[in-house]
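Going in written order, the chains are labelled A, B, C and D, and every chain counts its residues from 1.
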Amino acid sequence: MTKGRIEAFSDGVIAIIITIMVLELKVPHGHDLSMLQPLIPVFLCYALSFTNVGIYWANHHHMFHAVHHVGGWVLWANLHLLFWLSLMPFATGIVGENELGSVPVALYAFDLTMCAVSYTLLVMALVAQHGRDSDFARALGSDAKGRISLAIYVVSIPLAFMAPVVSLMLIALVAAVWVVPDRRFARAAEPH
Amino acid sequence: MTKGRIEAFSDGVIAIIITIMVLELKVPHGHDLSMLQPLIPVFLCYALSFTNVGIYWANHHHMFHAVHHVGGWVLWANLHLLFWLSLMPFATGIVGENELGSVPVALYAFDLTMCAVSYTLLVMALVAQHGRDSDFARALGSDAKGRISLAIYVVSIPLAFMAPVVSLMLIALVAAVWVVPDRRFARAAEPH
Amino acid sequence: MTKGRIEAFSDGVIAIIITIMVLELKVPHGHDLSMLQPLIPVFLCYALSFTNVGIYWANHHHMFHAVHHVGGWVLWANLHLLFWLSLMPFATGIVGENELGSVPVALYAFDLTMCAVSYTLLVMALVAQHGRDSDFARALGSDAKGRISLAIYVVSIPLAFMAPVVSLMLIALVAAVWVVPDRRFARAAEPH
Amino acid sequence: MTKGRIEAFSDGVIAIIITIMVLELKVPHGHDLSMLQPLIPVFLCYALSFTNVGIYWANHHHMFHAVHHVGGWVLWANLHLLFWLSLMPFATGIVGENELGSVPVALYAFDLTMCAVSYTLLVMALVAQHGRDSDFARALGSDAKGRISLAIYVVSIPLAFMAPVVSLMLIALVAAVWVVPDRRFARAAEPH
């Protein structure tokens, strides 16, 4: 089994997920600027979800670059991750169209939690395939950033019932941290 | 004719099928958890269909890995399979939005039956292309798992008119059997 | 400019076109088989359009296999073809949801005509790029099949105003002729 | 990090953007030609947006052909461009369904402006990665065409409030200029 086709399929699914989210932005009817006002929360949620899905794509991209062989549970761990990512357009629509209510934001945080959990399971399946002493396992390191992100997602589920806007701001903060290019990867990408 | 572009096109179509199914999950409006209740059957159907389409992708992937050349009817046998797979989002929507009624579940089982039939036809077209004594034909083996799955799909069509939930559970059981990684493929994927 | 990325982009667009057509099949609500009756014309149109788009993909695939270099107007001639193909889901929806009326069928035939015209323009751009004495131009031959198809599409536009069903049957006949694997290509695909 | 997967992902996203725009063309119901009349502005906007997105794909394609390595901010600059491109179906729908009103056209011009700005940022990130004296930077040249296009987009935002149709015509003019194949690229694509 070659990793190329898993990468291609994942790229395809993630590309579709990141793009069909825009279908949640319903075309308004009107002639003055006030017609855009109810779209502002939907637009912000769209931008946040676009960033989150983009981060998953970038991390998936980086990780598979170091992968040598795939097999066993890797295929299903990858599909499991894609499943939770595929719910992002739905979760985004719920938050945007319900005035940032508690249940919608909690659901959004829950989906991000499941994405992070399934990403962790994918990492574990890949490490099991390569062995703990492999180059792959060493390149991953301790992944403290991933663990802290997961912890914040978990916390933002109950937080949504108290302060949904704070919960979303925490999620946006995690996204901002991931967008800043990782020193290690940046260094590896430099010409030798 | 190269197999690469058939694989790429099939990956693209399957990636879109598996992702646009989420558009059947209509965004609910409300502020408490009860707003999610009517979505539960739709969500479960979505998860079942995601798994089924994922299984087809994985099997397609494995089979084409062993393919050496394509031609004649292979292209159309492949498009025929993609046709029935492309109806999965529609069949999923019908089951999910009609309280698991008999006709919807029978239709869902019918589409899975046609997917299995068209997959079998694709296998036959590929065997005809490679010859019965080829490595490809040997690698396929007797495909007892595929035949039994097809038989269960056929049975679940009339069963849907008596006990639609039992019919869906049978279908879910078949999916579960396919998700467990196949020993033979797992072994082939191990590093030599 | 490499032909690989044009092929990949075209594959992507055609894969999306062929798949989002299924979104025209609106999920019905009900519990008995009669709920499926109004869907029959939409389903048949979907099957016809799926076949037509599949034929364009297969022909595009075959033709680009023989292409050596692309440039100048080829990129735009290709995008022009994709433009008219991208209107197939719309044309399919119009025919299926308007009881096979005259104007809808004429519009459908018009879109197929424009697809055939733009495909011919793409062929001309590629021949201009390779030269009339190139292997590419020789492999194409006279393309009588393509010319006759275009002529039938043109005829089926006015015919739709007299007998829309006959017009659609002519279009289906053309599709059937293309699905039968071409002897020349089949021979070329055989192992040497 | 390889440029191949960034190209593949960008191709996927752009292919989806260019194709799902057709979903804004709502299927009309009726039996005579007058049913098509309200669709004319939507269709023209669709054609204009299809052309614009096609131009971005072609330019992206050409530019990455000359790219040697990617890293640091390039990934995010690319996602940023895809973000604004992904809003094209939405902007197209707003213009088409609101009788070419001032606010919709201004919004459309704004999205094109942001696409041009983000494309410029992507170019800057790539130049920073390769160095000002690299082959890549020399191949780009001064990009006067890109700067003038951006300037026209910026001008067409306020212009939309005075004469929305003139604003759209300016935008269409810019598109027409880009479609004419660039002498330099055409020459590079010729067989040596």
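The definition used in the following text is that a residue touches a chain if its C-beta (ideal position, glycine included) is under 8 Å from a C-beta of that chain, and two chains touch if they have at least 3 such contacts.
Since we're looking at a predicted model, the values are computed, not measured.
Judged by shared residue numbers over all numbers used at their interface, subunit B and subunit C contact each other through mostly different positions, with under half in common.
When each chain is reduced to the average of its Cα atoms, A sits farthest from subunit C.
With rounding to the nearest 5, the Cα superposition of subunit A on subunit B corresponds to a rotation angle of 90 degrees. Centre-to-centre separation of subunit C and subunit D, using mean CA positions: 26 Å. With centres defined as mean CA coordinates, subunit C is found 37 Å away from subunit A.
Contact with two or more other chains is made by residues 8, 12, 15-16, 20, 23 of subunit A.
Per the touch definition, subunit B reaches subunit C in the complex via residues 1-2, 5, 8-9, 12-13, 15-17, 20, 23-24, 68-73, 75-76, 79, 82-83, 86-87, 89-90, 93-94, 97-98, 101-103, 107. Only residues 7-8, 11-12, 14-16, 18-23, 25, 27-33, 35-36, 47, 50-51, 54, 57-58, 61-62, 65, 179, 181, 185-186, 188-191 of subunit A touch subunit D when the two sit together in their complex.
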